[in-house]
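Structures given as structure tokens follow.
Shared between the two complexes below is subunit A, which pairs with subunit B and subunit C, respectively.
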Partner chain A sequence: MKKQLLILPSLFFLFFLIIFFYLLIIDRNPSELPSTLLDKNVPKFETESLLKDEKFISSKEFGNEILLVNFFATWCKPCRDEHIYIKRFSNEKEIKVIGINYKDNPKKAIQWLKELGNPYTDVAVDKSGRIAIDWGVYGIPETFIVNSKGIIKYRHVGPVTKKIYKKINLIINESE
Partner chain B sequence: MLTKDFILTKIFIIIITICLTQFFSKNCFAVEPDEILQDQKQELRARNISKNIRCMICQNQSIDESNAPLARDLRILIRNKIKEGNNNEEIYIFLTDRYGDFILLKPPFKLSTLALWFLPFIFFIVGVFIVFWHNKKSKKILKDI
Partner chain C sequence: MVPSLGNFALWLSLCFAILQFIISHKRISHFRSKLNSVAVNGLLLCVLISFFSLMYSYIVSDFSVMNVFQNSHTTKPLMYKVSAVWGNHEGSMLLWMLVLTIFNYFIFKLYNQTNSIFISKALETQAFIIIGFLLFTLLTSNPFERILPAQPNGLGFNPILQDPALAIHPPLLYIGYVGFSAAFSLSIATLSLRNNEKIPWYIYMKPFVIASWTFLTIGIAFGSVWAYYELGWGGWWFWDPVENASFMPWLLGTALLHSLIIVEKKKSLQSWVLLLSILAFLLSVVGTFLVRSGILTSVHTFALDPSRGIYILAFTALLGGYSLILFGLKSKKYIKNNYFSFFSKEGSILVNNILMVIVCATVFLGTIYPLLIEAFTNNKISVGEPYYNSTIVPIMIPAILIMGIGPMLSWGREDKSKIFKKIFPSILLTIIITVFIFLFYQSYNLIGIVGIILAFWIISNNFIILFQKIPNRSSGMIIAHLGIGLLILGITGSSVWQEEKIARMKINSEIKIKKYNIVFKEINEIRGPNYVALKGNFLVYDEKKTIITKLKPENRFYPITNNFTTEASIHTNLLRDLYIVLGEGNINDGWVVRIYYNPLVIWIWIGALTIFLGGIVSLTSNLEKLKRLSI
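And now, the complex of A and B:
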């Protein structure tokens, strides 16, 4: 009986080994953090619009239909990489995408959009980064799905890849 | 002649020096002069809050130590909130509403964090029992001999 107990530590060790191995091989990003804003209303804000002469007022934009919110900047390389997918959302899927230009030079941003194509229906200017703080943003690019009631349903930190593109489409289809 | 002792002492002194420089270099801050508040009491409060707030970019640093732009923004935001007359509690709530409990370097005491807080004690008690049990057994073996 006692000799049989001796196997216990090895079993424990194996158990932990399997758990660690599992965490190692599953597809996850350890720096990605859950958003506390999920299932909550979008933060209210008012700011300049990059492309239009009028002000960007969040309460006017959100809550009418499902849309994407994308934080971007010209100085951010991954933003350039994901741009092709952001364009696909607005061109192919005809989803409204609102851009938030984070701590950027407006002139450069307009030039950037001319060069790469503009997928955004409107771009809010976040010069100081204060709007991003209200959204809990810590590393751009970040993309949010806001449903027709103005509630945040999904958040992705980092560039939209092919996989994420599919995932976002799936969530949008489910919420419609 | 270099004796073994001499070399060992030298190595020891080098190690101590490295350790001490590490210790003192902790005193350099990420807080920049233009951020610092005029009122010393308010500044101290801001520093104390900043030490408890995680920098979301370099996740094992507090915003007080981090040079990341977001950390700087949050430091300034905290200082502005203090100037506006918010108390510490309100500032912590403001930050956790946006970034979650993760932004606090010390996890709060909640139902979901009970295991986190109590497991070390439970492990300790189990450990004590195992040591006692083991000692009892070995004493018995000694007696038998």
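And now, the complex of A and C:
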């Protein structure tokens, strides 16, 4: 063993220290997440539809009216918590919600929607997680507002809570 | 009065710690060793007084103390008043101090004529750590801060923490975390002194490592129990950054524990052990930093306060910088280039050591990767369960296979032809049990089969060792390994064959999960000591229509803090848990009900308890070894 290697642990340590210090000093909010896609066109994709026999083609779906895009999975516990609000968007506010089922078992997902109720006009299957990468999804659940020109206006990371529910409604009303 | 006493005792303990630091630094004389005894005992006494003063303030609900005011309430049951002491940042620092000084006292107990210089050096390091944390507590998070005039009642405390498992989780966990400080101090003493070839530092270190590891194991287990019963998510491990912060020192502790055996027998791997003991404690401190600085978001994080973060990080930098540079410069003489055969006890331990360190590095990377990305690219990403499952499971499989064989191998070199003869009975036993189980249950799943094989591989190996007459075998090790086998059984069962049903149920409606029919009988409003709740009543029938149990999940509301919590109701037997959580709803539309069928969960807890027991057995035998040494 090379004796010089013995100094390696301290170099690694130094590296992590600098990063921690940097993150502590800069002004940041760990729960706030900007999107690089904000005010840009939605990424295009084609995939299976969970509930329909036809393909899900993004260019057909986006750009006609304002809608919400919600990334979810049955294994994601917070997704379940926000489900009630997603349903309220489609039931009470009559906003179209597109679901994107992220790295999930389609059978389970269908069963899940049957049991909890289906708020989605269509659900795109993102088996490999590729769509999520294109959208810059950081961790599900995530919800995006896409306006009638197919441009992303807002992004929320984490479950939709009462507060976020109100905020999203406000943004939708403003952009209409 | 009592809070002032506590505050005074805490400042006084700082003086004793500084005294200990200074006198340990100087040459040893009879007078100094007496003084050292005064410092160590005074320190312990002062921290004890301080700790119990705070506990007293909680018990009598002294709301002139800010900490009590913010975290307690007169309606709280006594047990939770006591546990509220460490249920918040400031109080938990005091508990941290207490454990630190108790370990300090035990290091001092090792003191004798032959090792006085060595132990003094260790005490000096320990004093330095104590001073660092004491200053942190006193300057940024003093639990005795007053609020005048005294308030009529407190703000209550987070009801989700009002749980017996969580009440004892922190003390156990802290014994684990802080215990590594002793190994750290001994390691620094070993590295910094020149003439310590005759000092059996590894024998001193071993009981501390075993104690830390054992308590860390049971502490993590209680955290899991809490998550399982209280969070109501149906699972017991979520790869949360804070869970990872406890898991990483555990992994290094496992490696450290086993390498110490090699050092003891073969005198090799010394530098490796010195490094591991430094890293194990550093990771504990970094874990504290991650939890308390607010740098990561997690369900466990305490109040955000950047000044605390900066302080802990600066202290970590000091500790880590000093110890690792010392290691880089001084560890050369502990490196001996003696290679050993893979087919030997030490070979198997070494391979497992490497695997544990790889797992630890993997978890570390997953935990801080989002921070790295943010620092370099300003993007935010997260790492979740899929990452850990796909990286850690494949590394754990060979580790567990080797773990089954290791204890059967001899030291030095094992005759390869004999190995097969030794492990043949357990291979046979494992196959028979596995085939039998799957014939009976007929639920095939690759990961499931692998998990069951691994579990019974460990279990049958250890049973066979138990029946063989091997001289000097360590019964603690066999018990602990058996516990790991049971743990794997529980983990596999509950993660592979878990089933869940979510439905909106009205009164008298029925749902089927596995072979059980569950009927939603009624829902009532009830009143607890400091909450009101909706309590459901579910009748569980088996396929013969006989009633097995009544499950009564609750939805609690705590008016004082304005929180809701869910209390899952669980029916447990040796094969499975039935787990019901009551969600939102009303009488007209019904309630959202989540039902989980969780196979074999109880074996996780039995496994963890068995490991704990094994650890304790091993600890006592190692303490005896230590006693013989000093006579």
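Operating definition for what follows: the second predicted complex is superposed on the first by the 146 of 176 C-alpha atoms of A that agree within 3 Å, B and C clash if a C-alpha of one lies under 4 Å from a C-alpha of the other, contacts with A are read in each partner's own complex, and residues count from 1 in each chain.
Simple rule for what comes next: a contact is a pair of C-beta atoms (placed from the backbone, for glycine too) under 8 Å apart; a residue touches a chain by one contact, two chains touch by 3 or more.
Quick caveat: nothing in here was measured; it's all calculated off a predicted structure.
In the superposed pair of complexes, A:L37 makes contact with subunit B only, with no contact to subunit C. The partner that reaches more residues of subunit A, of the two candidates subunit B and subunit C, is C. Look at A:W75: by the touch rule set out above, it reaches subunit C but stays clear of subunit B.
With both structures placed on the common chain, the touch criterion links A:F20 to subunit C but leaves subunit B unconnected. In the superposed model, A:G139 makes contact with both subunit B and subunit C. Once the two complexes are laid over each other on the shared chain, residue contacts for A:L6 go to subunit C alone; subunit B is not touched.
On subunit A, the surface patch touched by subunit B in one complex and by subunit C in the other comprises residues 31, 33-34, 36, 103, 136, 138-139.
Every residue of subunit C that touches subunit A in the complex is listed here, in rising order: 233, 235, 271, 275, 278-279, 282, 289, 293-297, 306, 309-310, 313, 316-317, 320-321, 324-325, 327-329, 331-332, 335, 337, 368, 371-372, 374-375, 379-382, 384-386, 501-504, 584, 592, 594.
On subunit A, the positions that touch subunit C within their shared complex are 1, 3, 6-10, 13-14, 16-17, 19-25, 28, 30-31, 33-34, 36, 75, 77, 80, 84, 103, 112, 115-117, 136, 138-139, 157. Residues of subunit A that touch subunit B in their complex: 31, 33-37, 103, 128-130, 133-136, 138-139.
By the touch criterion stated above, subunit B contacts subunit A in their complex at residues 56-57, 59, 69-70, 73-74, 77, 96-100, 102.
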